[in-house]
Amino acid sequence: MVKRGVLTFHSKPSIYATGVTAGPLENKKSVFAQQFDKLYEDERCDLPTNEDGHKQLMYDAVLIALSKAKKQPEKIDFFLTGDLVNQMTPSNFTAHALAIPYIGLFSACATSVSSMITAALLADAKQANWIMAGSSSQHNAIERQFRYPLEYGSQKKATAQWTVTAAGAVLIGQHKQGTPVITCATVGKVIDMGMTDPLNMGSAMAPAACDTLMNHLTGHDRTIDDYDTIITGDLGSNGFKILKALANENGLPHTKNFRDAGEEFYGNDPSFKAGASGSGCSAAVFLSDVYQKMLTGEYKRVLLLATGALLSPLSFQQGDTIPCIAHAIELSMDEVTAE
Amino acid sequence: MKKLSILLIILGLLTGCSEKGTYIKNTTSQDENSVEKVIMNNEHVKLAKVLLFEDELLAGIRVNTFSRFQKKSIATDIKKKLEKEYPDLKITVSADSKILLETEKLIRKKGEKDYQKKIDKIKSIEKEQT
Amino acid sequence: MISIYITAFIVGGLICVIGQLLMDVAKLTPAHTLVSLVVAGSVLDGIGWYEPFIDFAGAGATIPITSFGNALTHGAMAEAEKHGLIGVVTGMFEVTSSGISAAIIFGLIGALLFTSKGNV
Amino acid sequence: MQQEKYAQIEKELSPKPPILKNVIRAFLTGGLICLVGQFIALFYITYFDFTERTASNPTVATMIFIAMLLTGFGLYKKISQFGGAGAAVPITGFGNAVVSAAIEHKSEGYVLGVGGNMFKLAGSVILFGVFSAFVVALIKTILVKFGVVSW
């Protein structure tokens, strides 16, 4: 029986390499800065506009992942990525510069996982050998689109989150022993709990995260103890607190192995309020900290649960509620079996 | 909070030193006593500087803090009373601190040269108010 | 003379407190808060309360955005007083506020001089 | 889960805005900005031919000039984060809204970007300021005509 939204990758596609880039503020303030591959001195990567810098961020992340795997862009079959700028122009321009067959994906801040799920499907279906997935966000470009001009003084509430300047790219290919592999995934439904505050996205996204988590556990017959960690994308401290409360309500025994990339990103610095957000947040943390911990053996099996708030400034101003989505993907470290 | 309290203390000290009463400079043969009487009879007035020069009577007044709400009507009221006392003088009364300041400058001035010019200027500034 | 500074501080502060309460308690967006205050300033001028209020508080009443509604209404009413009903219509094209002109000029100069920064 | 039930859970767990703290900060910030305005007005009254009333125009323009500098150097957003409405309600907040939008949209050029977006935040204040001035003046004129009130 096919369960809705539940995917199993029998061929276990492998993650070959990752590349993570981040901006100067992340260099200074992020607790993960040491684990990123490239950090820029300039928030626009020394380019004239924020959107140019956004593109450069993604482009460099892809090149870093390629160079780690000693591959050229011509060898890559698909490029699957997305961002938050209108019509995803930074991703489109990156795809043009790389000249790889490209599908742009939009799941807001959950694009990091939705692109990996799509990549794993292509690999599992033997339609591609090498797929580049990932997502990115650039603070200045996203803030001006979703909120206010950067220099505009608006008092940020405790629930507000800070869009990160970061990009993560991941090279996925056919199964290889001794690498982190993608075993299964769950595609989430859009959940709308009637939240309307765009400065409190964590509490809008938490129910979506909980829904996808429960579907994943039942759909794949897993318990939370099967995972070394279940890490959400960018719920922020407030949304993460709510997710843990919802998990308890849904009968999960504990939440001690839960993590949230958004809450951890800036090390609970109060000037960032509830923490980090943006499609670059989950990508950067999943593909640096979590990936490296899998390589070192600290994590054997993890669940990446990226959440996205599918709103636009227009939908908010027209009085719509904030629909949210969460996608889950399970990674496990493939042991080298002596034959 | 600390800065604010220091600021308030300084302001409080300064408030204590501000002057009170009616100062009149009379360069004419008119009797100035009724000017003082009219102004001092008005309980709202804290400070007044008055200049009598030829056929002009210029008065800048300052009213008590909470009387400032009605300071325009207070000035009009005083003007009307003065007009009754001195029907042959051109009377200007204003509660605007600019007029007070300029009248004070004129009073302090030594010679009576340019008086008319200055008085005309003050009157034109006063009229500019909407 | 000195008391004007105290009233300016307190009155200006209190108008901002009203704004903060509109944002935090009434849950208005900043834009809705400012619009409400501007309309309030305009109405207060219509019933003749804002001018005495300026006499009392000085910059405490002219610096908050409420004075913007007051300035515009005052101009429109001055025209209406002179020319009657038609003055309301023609007066609308004459009213302005130094705030708008200054914001336009300095906005353009600001754009020439500065670039925005995404720091905390 | 029902939306109502979730709204309840969300309300319980989400942090409440510290209203008292915000109000005190708004009072201090707004009061201080108005105090600076009063000093600038004093300057114009003392050294130029302005009365208390006519000094308000150059004072407002000067305050917006200061707001431009603070916005450009990235300080106004810090004042706003501390002061909330205390920084938004004074005319400097209006200046900040215009200047920040102008700076932000420089990348699209001076005509389409700066010109087209300068008032995207402050425009509603101008619209409702002018419109309410019109309505109030109209009502007052009609009331005067019918002898209900006088100018």
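As written, the chains take the letters A, B, C and D, and residue 1 is the first residue of each chain.
Basically, contacts are C-beta pairs under 8 Å (C-beta built on N, C-alpha and C of every residue); 3 or more make two chains touch, one makes a residue touch a chain.
Quick caveat, the model's predicted, so the values are computed rather than measured.
S.K.: Per-chain C-alpha centres versus the global one: which chain is nearest?
M.R.: So the chain sitting closest to the middle is D.
S.K.: List the centre-to-centre spacing of chain A and chain B in whole Å, with centres computed as mean CA coordinates.
M.R.: 72
S.K.: With centres defined as the mean C-alpha position, give me the chain A-chain D separation in Å.
M.R.: 38
S.K.: On a C-alpha centroid basis, what's the spacing between chain B and chain D, in Å?
M.R.: 35
S.K.: Could you give the separation in Å between the centres of chain B and chain C, each centre being the mean of its C-alpha atoms?
M.R.: Centre separation, chain B to chain C: 29 Å.
S.K.: Provide the list of chain C residues touching at least two other chains, using ranges where the numbers run on.
M.R.: 4-5, 23, 30, 55, 114, 116-117, 119
S.K.: Can you pull out the residues of chain A that are in contact with at least two other chains?
M.R.: As it turns out, chain A has residues touching two or more other chains at 149-151, 154-155.
S.K.: Residues touching two or more other chains, restricted to chain B: which are they?
M.R.: 97, 130
S.K.: Counting only chain pairs that touch, give me the topology of the graph as line, ring, star, complete or other.
M.R.: other
S.K.: So which chains actually touch one another? I want all the pairs, not just one.
M.R.: A-C, A-D, B-C, B-D, C-D
S.K.: Under the stated contact criterion, what part of chain A meets chain C in this complex?
M.R.: The touching residues are 23, 25, 29, 43, 139-140, 143, 149-151, 154-155, 162, 165, 271-272.
S.K.: Touching chain C in the complex: which residues of chain D?
M.R.: 17, 19, 22-23, 26-35, 37-41, 52-53, 56-61, 63-65, 67-68, 71-74, 83-86, 88-95, 98-106, 110, 114, 118, 121-122, 124-126, 128-130, 132-134, 136-142, 145, 151
S.K.: What does chain C use to touch chain B in their complex?
M.R.: Residue list for chain C touching chain B: 1-7, 51-53, 55-56, 74, 78.
S.K.: Help me check something: in the complex, which residues belonging to chain A touch chain D?
M.R.: Interface residues on the chain A side: 48-50, 144, 148-159, 193-195, 200, 203, 207, 238, 241-242, 245-246, 249.
S.K.: Considering the complex alone, what residue numbers of chain C touch chain A?
M.R.: Touch list, chain C to chain A: 23, 30, 114, 116-120.
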